[in-house]
Every structure is written in structure tokens, then in C-alpha cells.
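What follows are several structures.
In what follows, chain A forms one complex with chain B and a second complex with chain C.
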Partner chain A sequence: MTAVAERGRRVRETSPVLAFLGRRMLGALGAILVASLVIFLGTVVLPGDAASVVLGRNGTPQQVAALNHRLHLDKPAGTEYADWMSGLAHGDFGDSAVGLAQGETHAPVWPLISGPLKNSLILALVTALFMIPLSLFLGVLAAVNAGRPADHVISLGTLTGIALPEFVIGSLLVGVFFVGLNWLPPVALVPPGANPLDDPQKLVLPVMTLLLASLASGVRMVRAGMIEVLGTEYVQTARLNGLPERRVLYRYAMRNALAPSIQVLAQNLQWLIGGIIITESVFAYPGLGTTLVTAVGNRDVTVVRDIALLIAVAYILINLVADLIVMLLVPKLREPA
Partner chain B sequence: MRHRLRFMRSPGGAIGVAIVLFVVAVAVFGPYLAPHDPTAPIGPDAAPPSSHAPLGTDELGRDVLSRLLNGGRSVIGLALLSTALAYAVGMSIGLVAGYSRSKVDPALMRTVDVMLAFPPLLFLLVLIAGAGTSIAVLVIGVAAIQAPAISRIVRTSTLEVSVRGYVEAAVARGERPIAVIRREIVPNILAPVLVDAGLRFTYSILIIASVNYLGLGLQPPSSDWALMVSENREYINLNVWAVIAPAAMIALLTIGVNMTGDAIARSLGRSYVPRPVETVPPS
Partner chain C sequence: MSDSRNDRPPTTPLDAMFDQRLSRQTLFRGAAGAMLGMSPLLAAACGGGSTSSTAQTSAGQPKRGGVLRVSFASAGTAETLSPLIAVTPIDQARVQSLYDPLIITNPDFSTSPGLALEWNPNSDATVWEIKLRSGVTFHNGKDFTADDVIYSIQQMSKPSSYALPFVSGINAKDIKKVDKLTLQVPLKSPDSDLPSNFAQYNTWIFQNGETDFKHPVGTGPFMYESFTPGQQSVFKRNPNYWQSPKPYADQLKIVGITDNGARLNALLSGQIDAMGMLPTAQAKAHQSTGDIVVLTGKSPQPIMFYMDVTKPPFNNNDVRTAMKLIVDRPAMIEGALNGFGSVGNDIVGKGLPFYDTSLPQRVQDIEQAKSLLKKAGQENLTVELQTSEIIPGFVESATLLAQQAKAAGVTINLKQVPANSYYNPSLLYLKMSFAETQWAITGMKFFYLQALSKDSPYNETHWNVPSFDSLLSKAIGELDKTKAQDYWNQIQTIQYNEGGYIDWVAADWVDGLSTKVKGITPSGAGALGNMAFMDAWLA
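What follows is the complex of A and B.
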């Protein structure tokens, strides 16, 4: 009895859920730090003088030096990285290199990216809202009909989607739904400050593009997980006990098939982030992706590194959240390793 | 050799190979068949198809068909080049790490983890922002995205093979490490390492075409399928073929390579999961 009491106390002292949470959060923090270093090294340390590119051929050496100074690009790399990080810690995203080069005294990055950030989040959320239930539905449907025509159609369709770059899918959709049928607008322009959801018709083609490009791996994983679980003994026992098939599927099979699928859905969401960068450009949607692509083209390194870090953080957080959900679904994983 | 071509017997494999051969033939022989100069205007801008220009003209009045016939080499060539570079670098690192079991090993694994925790396209864009748009940056960047995953697979296979009897016999004979790696290890790890080659090639095509589409890779007036899609996107309602035709060529190429890869994987009894960067086996 004392042993039981002691065990109870020990469990309370080091709650495995909290320990897991702590470990994961530390890991995510480390990943964010590494990502910031990679971004910093990529944009700043690589050869290629951003200031002279931004100023163009007409920039005098004095102007280039002055701009480098104002962007803090003339300091040693270590100091510059520390400046960037401490600025971010205070909510200061720095100044746009292009803005300063055009003679503005103050060109903060944050106002340039806050609107696009909101637009991109809306596009991502609307897509995820369709993507997750669709992956589950199509995956379960394919698994239950494994080897039958429905399975083949789903596999072929999703495999084709994943083989195509987003811009090809988007362009073909515009060819069909705008040029051919004239049902949907070819671009998704949103005036600054307006809410993209005010005119949802504009979002249809971008969301369709992202869904077609990203559904395949989720559907395949859900299908594989379901087929595996449907062959296990406890599912057979449930069937032999005369439980209705629907109950066997949703109550017994799906819960265990879901755990690996959630990690794949998280990967899908991560793919979505890469896909959004291109899809936004295809439809001229004013999001973080189009802003990033413009900034890369202009060599606006300060804007590029801020947006790149935001995207990398989103990428890492998706992983973290997926791990937590999996842990809540599968109690087995809560045990300390 | 016969058993290696078994995958061709499945309908998917045969169709996939036929599609790939067609697209490659267009890319290789197209430039000799083009009726017009791909960079010179031949008529009004963005005109619909006519007898003079069967696919119409593009936004600068150039012949779409001639540009289409000239636009395949860059896509296929750059993707081949970066995939080959990724394999060369990935295999060298993986072989050294796996065979020597040195301190390279943990460092390599951490690098792979970092690469996997970072969106590949974002990595490439950051690289382009820092180093500028050039073909070299594009090829090296795409190779850098793929090399870590390859090196991980090579390392695992090398670890497995290097304790086998024939390797130990070669070492006991006093052969130098380079000779052991080249004659005993490489031939025996090629199959698992190359089974994903089709996937990685598709992925190179996807990402290179996407960067070209964004205007951050090849620059005008190159005739490149991805560049053609983006240049004519704005005028799609004037001449839809200037967008659809190059988009369809890219679609045929990636679908064909994927179907071929799928058929090969099936004939080897392996599953084929598209998008290679995320499919790294746990170490």
C-alpha cells in the first residue's frame, strides 16, 4: 500500500505530459534558433552586396556605404545577428533595404508584412479547413474499398495532383474555369486593408490549387493506416462480436489509424506553406508569399529574412502542435521513454 | 538486363516510359524542328492560333510553338544536373560517414535534421536573396536541398554492408579504403540508393520549374516552359495556348517520371511515396 501511494506521488511530481511538453518546447525553440541562423547566413554572409544591388548601377560608393551603414550591414556578422534578434525580441522587424535606398528616412518592415501575413493566414486556414476532413474522408473511403475502382480513382487522382507543380495546376484551372467556362476570376487581388473573405469567390481557385497539390500524401497515409488497423485482431473481434460496421470503423479503427495520419497531416500543412508561396504568386494574391518573392527579386534582404523567419516559425510550430495532439490521442506515448 | 525491365510490363510503367520518351524527344529534337526563331517576334502580340503560328503568339509576338520546342532542354537539363550533383555530394558524404564511422556521423545527422525542419522552397529563396539569381545558385541550391537525405540513406546502407564477409575479406587482403568502397561497397548499395532517383528527379523538376516561374531562376528571353507560363499568365484570355501548352508539357514530364518511378518501385516490391525530401527513413 505504501508502494502504491509512493508511486502515485511520484507520478504527480513529474507529470509525463508536462515533461513531454517541456522537452518539445525546448526542441522547438532550438529549431527556431537554428532556422534564424540559416536564414541569417543565407541572406547576409553569402557573397553579393545587397546595398549595391538595391541601389542599382547609379549608386555611388558613398551611397552604398551609407545604406550599408543604415541597414547595419557594415558591422561584424555576429553583432548584426544580435541586433536582428534583439530587435525582434522588442517587436522591431527592422527597416526595408529598398525603402531606405529610395530615400525614405524610416521604412519599417512590419507594416509591409502585417497585412499580407493576415491574408496568408486566411488562405491557409480556409485550405486546411477543407484539406483535413477531405484527406480523412478520401483516405478512409479508399481503405474500405481497397483494390476496388473507388480506390484506384482516388489513388490516381491524388498521385497526379502531387506530381504537378502548383503553378501548373493553377494555370490549368484558370484555363478551364476562367477562359473556358468564365465561372471564376483568374486573379485574387485584394485591396489593402480589405478582408479576402468579403469576396470568397476569389479564393476558390487558389484553394483548389492548394488542395490538389497537397491532398495526395495525406490520403495515402490515412489509407495505409486504416488498411493496417482493419486487419488487426481487435477490429476482427469487434466485428465477430456483431458490432455494426460503422461503429467498428469510427470507434475502433479510426482512432488508432489517426495517430500516424496526424503527423502526415502536419507535413501536409507544412507543404501547404511552400505551396502558398507559389500559389499566391499565380493568383497575385497579396500574401506573405508574393511579398517574399518580390523582396527576393529586389534583394531586399531585411524583408526576406523577417518573412523567412516567420514562415520557418510557423513550420516548426505546426510540428509541435501535431506532436501534442498525437500524444493526447495515444496515451502510450505519454510514458517517459 | 531483361529482369530489370520487368516494370515495363505493367500498364503504368509502359505508359510512363512512353510519356517520358515523348517529352525528352521534344526537348532534344524540338529546337531543330522549330519553324521560327524562338526569340524574334513574328506577328501581333498574344494572337490566337493561326496557320502561320499553330499555337498563336506570346505576349511579345513570338511563336509559341517554336518557344515550346525550344523550352524543354532547360527544365530537363537543369533538373538532371542538380539531381546528379545531389547524388555525387550525398553519396560521398554518406560513404565517408558510414564507412569510417567517424565524428562526421553525428554532425551529418544533425545537418539532415536541420534541412528537414526547413521548408525547401524557402531555403532556396533565402539563398537567391543572398547570392542573386543565377543558374549556378539554382542548381547548387536544389542539390543542397536533396543531398542530406541521400547521404542519410547511403550512410545506413554502408553501415549495413560494411560488416559483411566480402568487405571484411577485402580489408583483410590489405586493400586500401578507397578500393574497398569503390569495388565492394558502392556496387552493393546502389539498388536501395537509386530506387528513389525518379522521385528526386521529379522533385528537382518541380522546384526548378517553380523558381523559374517565380522569375527568380532563368531570365528572359530564355524559352523555358515554366518561364513561358508566367510570362503569358497575364494575357491568358487573349491566347490561352501560350499558357496551357507549356504547362501541359511540364505536367506530362512530371506525371510520366512519376508513373515510371511508381512502376519500378512496385516491381521491386517497394512503396512509392512522392515528394522525396520528407521521406527520410529514421536513422
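What follows is the complex of A and C.
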């Protein structure tokens, strides 16, 4: 084949993985833009504003309007949205509306949220580190013992966890491990600037709460996938060939059961990002959820928008990574169409 | 209106989603029982079983040292160290630690000299000369002088300051410095009790020239070290404090924990030493367990219903009186506040100077209520009562009132509205004809000026009686205490008979302390002994 034809062939046969990545990233950008619009519109329709919050009882409609005007918080929505987006493109998260209303000339949002963001990420990561292996292990265990007591215990246990609201789980855990046994602290107060991992004891109950609240879906997906795969001929063949059971399970069977489970695990991770608000509040953990909720109460729209968008971006990125992993796991998806 | 609607406890974070911070007063209390109250209830239920007193004894000699950790509900990024815009309990705790007042309010509402030693009015109480305390220094070593007080008052007089209601009667631009420690304050109208204007924390004194309060400097018992709004502040002991040997603790940490359950758990586990605003159900549960000390401060704090006296059916005084007679006050205190309060008599200010104790205590009288309603042609009256979770006790008391009213043939339809609109003047506040309110009161004068006179900014009952206004001015301007008491009695009698307020309780301040904390005496003037951290020591 001539050199030209050779190059042409390479160009035509772009790796499907790269093509996939390219398409998905474009899609992700689009999703982020749509999310930003929805978030922005959401804060626009919120009744009340930072100015009336700060002025309080003294906030006659005229005074509120005057303060809003002074703070440039009454720009037309389109301008405000454009300013916000262009600021973000430069890494500028904007000024806190409450800070400005209190009379500060600059009230950058990033220092207000970077600490809580870090704390929430650490909590989410630690939880994920346990959740993924636990989901896999328990799912396999349940599948292998399908119909037998071990399966029932696992299924029932995880179902109970997911059925109970997090604050109930959190309270029960506090009741057992603090009030009852006095083994663990009931609140996870982390001083500002400190690393949550410095005192890992504080993280145990919040992580346990998050795990109990979320394990069921992953476990059940893995279990279902495994049961299906374990019934196939090729697993039978592997067994008949004398391969050790552990190898059969984890090297051969699980790989094929994983694809749908990845999606569920990804959903769990997404839930961790946005859904830890309640757990954070029950354990007084200074994370992003608490910051977001007080910002909503204070009508600090800049902070609300920034945090909401960060969460949305995390969601979208996790989706992207999950799809990529599935594609890598399932060779069929990698074949050119 | 600090002396009025501040010191509201915060709601849970989820409630905060629907709250608007009124005057940055996001009273984040509320649905503790509903959503996130389970953990404390569980912790409470599993507590020990011994008895203990609820009063905090200060037996023993104060010990120096240690870190005092106090927690209130967080107000997020709106928390501040400036007295001018401080509004939530956690702000108050910080302000009262960093700065000093001109006049100190004692637990029994008597006063002691603070930064001001003498207050001398002229013959008609229109000009006051204030002599200041000498030898006081700011945290940065500068001397405290009249310049600092003059500057502070001028800043308080700005429209954006929450201290404005207290200094609006002062001609701020005409304040004269007589000497280094003396100033002359001219008033727009006579005020026989100018000192009382400077008790509340929005009027505490800061340094001449202070603008951004980022590294605030005060004369108070604790000095600024660090502050992360929404999380915690760290202050250290002021070794040169003029109320030596106080403070006793080496460091004061004020931590924000919004969830009531989490805050109590932090106290129970020893991660904090004191918490302000313990919800009454939890307080009751812990009073007999001995694991923490429940501190109760008797206070005039009214939680009350109000009626718009200008709109039917409440424009008829017989209907108003009937409503006042429907309330079974002790039952309401028990049901809504778990017993933490004393019976109110519809006039505000129980326990304060000039309160009229001679007016007969109203009790439930359904028969009389029915006959008054009949006389007014309002038998089988149906009204709508708007309530909100913004203050603990509001929804409970509204529900109880609706039940109690049935006996008199009155149907009260409850409408629960979002907390963010309840005190928002742009939304619902001052537009509701039958609703609830709560005030933090340290002096009757301020309540009447802010709620019941012609220019009142918070005239909830839409009260507008010119003869009442002139009585009020006379009472406020009268230097002779006997004559003043007479005027105040007349004012209160009018309110008692014709006013739109149904004040069923003087609610207690209820807080929680670790058994290690000594020295805090309950005060009617504010939570945790009116933020008496300089008195506290760790055993």
C-alpha cells in the first residue's frame, strides 16, 4: 500500500475510543451550558434577594431596590448571565451578594467555598473508596449464595439501608456508637482550614451513614449481573476446567457483569456529590451542602449559582468517566460501527 | 429593631432553604422535631437517669485557663463582627465578646456602669452629658476616649445600621466633645432614660475610624484572633480588660452548628461546652438526666398573636377582647414551649421597669368571650391565622389557639406561610391581619416606639391613636419616676383594654451547658446569661 493510502486509512479509522471521547466531551459542554442556564433561571425566580436579607425589617421595597441598584444586582438577566459565564471562563467565581450588600468592596466567592468543597470531596472520596469494593464484594457474595441465607441477609440489610432516610440512619448510628458504646464522636466538626483526615474518627459515622444509605443499588445490580453470568456456559466451562472459584468469579464472571453496575455506581457517586447535604448537617460537617443551604437562605445568589454549577459539572464528569470505563470494559463497544 | 426581633434561633438547613433572612435574622429554628430532631431525641432518650438542678451554681473559685467553646446556629456568610449589622444570636455572641457597652444590663434588668460612668441630663432631658470610664484601652493599646464614642454613635446613625432605632432621637452631628472623657449629646426630643438606649449589642462601642471590621478592635474581654464566617471564630483573652480579673478562659471559640440535633450532640460529646437556644423539648428531656446543665433565664420575651385593629373583624374591640379571653395561657405555654415561660398578660414587658403589675391577670373565660362575640354580632366567627416555623412555638401555639377557640364558637383556619416571607416587609410582614410575632425586649420604651406609635417601623397591629402617642412622649421624657410610672400605667391600661396584641407568655431563655462550665448566671436580658462568657470558667 502506498504511503498516502496508508495515512488515509489511519485517518479514516480513528480510534473509536477517541471518537467517543470527542463526542461525549462536546455533549458534556452542551450539558454544562444547559445546566448553567437552568441554575441561573432558578436563582432568578427565587423570591427575595440579598439586599432585603441584609436590610431586613428595614427593607422597604424602595430601599431594597436602591441597594440592589447600588450593588449592580439589578442588571438585566441576560447581562448578569453573560457576566457570570465570562467570569467563570477566567476562573473568577464572582462576588458574594451578601458580602457586597454588607458593604464590602470585594467579596470573592472562591475563598468562601474552597474549604467546604475540599471537605465534601474528601468525604465523598473516602465513601467511594469503601462503596465500590463493598458493592462488588457484597454483590458477588449475594449472587454466589443466591437464594440462601447469606443472600437474604445482604439483600434485606442493604434494602433497609436505602429505604431509611439518611438522618434516621445517622441518628441510629449515633445512638449505637456514641450514646450506647461511646466509641465514636457524634459530630464531625472540622476546624476551618484543617484536613478532615487528620482526625479520621470523626469521619467514620458520616461515611457509614452514606454507605448504608446507598449500597443497595450497587449491590443489587452486581448481584443481578453476576447471577446471569454465572449461569452461562462459558463460566461452567471455566469451572469444569478446574480454575479456582475465586478466579472464575472475579476475573471472568464479574467483568461481564460489570457494565450495568458501572452506571449504577456512577449514579451513587453523583448522589454522593449532591446528596450529602443531610448527612453533613446531621453531623455538623462543614461541607459544600451546608454552605449551599445557608447561601440559599441568605439569598446569596452568586454563591448558590457557583456551587450548583460545580455540582452539575461533577455529575457530568462522573457520567463521562463512567461511560468511558464501560466502553473500555466491553470490547464490543470499541469496534467501529 | 434589635431590641425587638433579634435573637431568634436558627432553623434547620432544610428549612433555611425556604427562609429569607429577615434583617439578616435568619432564625434558623423551626422544624427541629420534624426532620432532623431525631438524633437529639434519640440521644436524649438514651441519656442517664439521675436528677440535677437546672440552675447553674457558681460555687467555688474561678479558675483561669482553658478554651471555652460555645455554639449557636450558623448564619453562613452573613455572619459578621460589626456591631452595626450584627443580628443573629451568633453575631450577638461575638459582638458581646469583642466590645463593651456604655451601660451594662444585669440579669435582673438593673444596670451598672459600663464604659460610661455618669449620665447627667439637663432639666428637660434634651441634652445629656456623659462621663466616660478612664484607664480603658483598646485591644491594640490605644486609649479609649470620647472620640471613639462620638464616632460610634455617628456610625450607628447611618440608615444601614441596626442601631438606628436606638440613636434616632440623637442629633448625631451636634454631639460635642467636652474633654477627653466627656461628651455632650443633644436630643431631638426629651428622653428621660438615654442610658437604656445603649444597652443593646448594636450600640456597643468600637474604635474611632473603624470601617471594615475585618480585624476588629474593641475594649471587650476577648480579642480577635481569627474568623471564618459560617464556621467559627477564635478570640483570645484580653489581659488588660478593665473588668479584671475577667475573663477567665484563655480562648473563646464560637462555632456555628445549624442543626439543633447536631449542636446538642456536640455538647453531649464534649466537643463544645455551651450551646445557645436549646429547643424546649430537648431541654425538658435533659433537665433530669444530669449529663448537661439546662440553663433557664426568666425574661420578658413575648411570643404573641396580633390582630390588625383597623380591619374587620378585629376593628371591633369586643372581638379583640374575646380573642384575648379564649386563650388558655398555661396550657399554651406547656404545649408550645414545654413549660419554659411564665404567663403573659397581653401587655409587653413583664419584669421590666415601669411594667404595670396591677392589671388583673387575664385567664381563659369562654363564656365571657362568647357573650362579647354575640354582642359584636360575630358568633361563629371564622378567621384566618397566618403562622410560620420561623420561631419555635409559633406553629404549636397557633394550632393550640385554633383548638381552644372552638369552645367559643370561633373557627380559626391556620395558614402556614414560608418563613422567608413572614418578616419580609416586601412580602407579608405588616400585611397580615392575624398573625404571630416575637420580640427580644430589654426595655419597654423601645417596644412601644417601634410597634405602637405613629412613626413605628414595625406597627404590626396598625395602631394609630394620637392621644396614645402624646402619652408615650410624656412617659419617655418624664424624669420624675413616679410621674413616669403613672404615664406608663395609663399607656399599658389602654393597650390591655384595647390593644391588638395577645401576649400569652414571657418566654424563658433556654440554653445548654456542659457540667464543666461554671460562672454563668441566667439572665433575662439574653441567652447564656446574656453572653456572659467573661464570667465563665472551666472546672
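As a working rule, the second predicted complex is superposed on the first by the 303 of 337 C-alpha atoms of A that agree within 3 Å, B and C clash if a C-alpha of one lies under 4 Å from a C-alpha of the other, contacts with A are read in each partner's own complex, and residues count from 1 in each chain.
In this text, a residue touches a chain if its C-beta (ideal position, glycine included) is under 8 Å from a C-beta of that chain, and two chains touch if they have at least 3 such contacts.
Quick caveat, the model's predicted, so the values are computed rather than measured.
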Exercise. Are chain B and chain C a fit on chain A, or do they clash, once the structures share the same frame?
Worked result: clash
Exercise. Of the two partner chains, chain B (first) and chain C (second), which one does A:248 touch, if any: first, second, both, or neither?
Worked result: neither
For this session: Examine A:61 and indicate which partner it touches, taking first as chain B and second as chain C; both and neither are also allowed.
Result: second
Problem set entry | First (chain B), second (chain C), both or neither touched by A:174 | both
For this session: Please work out whether A:192 is in contact with chain B alone, chain C alone, both, or neither, and reply first, second, both or neither.
Result: second
Exercise. Does the superposition put A:115 against chain B (first), chain C (second), both, or neither?
Worked result: second
Problem set entry | Partner chain(s) touched by A:304 [first = chain B, second = chain C, both, neither] | first
For this session: Kindly classify A:103 by the partners it touches after superposition: chain B alone (first), chain C alone (second), both, or neither?
Result: second
For this session: For A:277, select first, second, both or neither according to whether it touches chain B, chain C, the two together, or no partner.
Result: both
Exercise. Which of the two partners, first being chain B and second being chain C, lies in contact with A:217: first, second, both, or neither?
Worked result: first
For this session: Share the list of chain A residues that count as touching for chain B in one structure and for chain C in the other.
Result: 47-48, 53, 167-168, 171-172, 174-175, 178-180, 186, 277-278, 281-282, 293, 295-297, 299-300
Problem set entry | chain B partner contacts - residues on chain A that touch it in the complex | 31, 34-35, 38-39, 42-48, 53, 159-160, 162-168, 171-172, 174-175, 178-180, 186, 216-217, 220, 267, 270-271, 273-274, 277-278, 281-282, 292-293, 295-297, 299-301, 304-305, 308, 311-312, 315-316, 319
For this session: Could you please specify the touching residues of chain B with respect to chain A in the complex?
Result: 114, 117-123, 125-133, 202, 205-206, 209-210, 213-216, 226, 229-230, 233, 236-237, 240, 243-244, 247-248, 250-251, 254-255, 257-258, 262, 273-275, 278
Problem set entry | Residues of chain C touching chain A in the complex | 1, 5, 11-14, 16-17, 19-26, 28, 35-36, 38-39, 42-43, 46-47, 74-78, 80, 85, 87, 159-160, 162, 164, 212, 228-232, 255, 257-259, 261-263, 265-266, 268-269, 271, 420-421, 423-427, 429, 457-458
Exercise. Touching chain C in the complex: which residues of chain A?
Worked result: 47-48, 52-61, 63-64, 96, 98-99, 102-104, 112, 115, 167-168, 170-172, 174-175, 178-180, 185-187, 189, 191-193, 277-278, 281-284, 286, 289-291, 293-300, 303
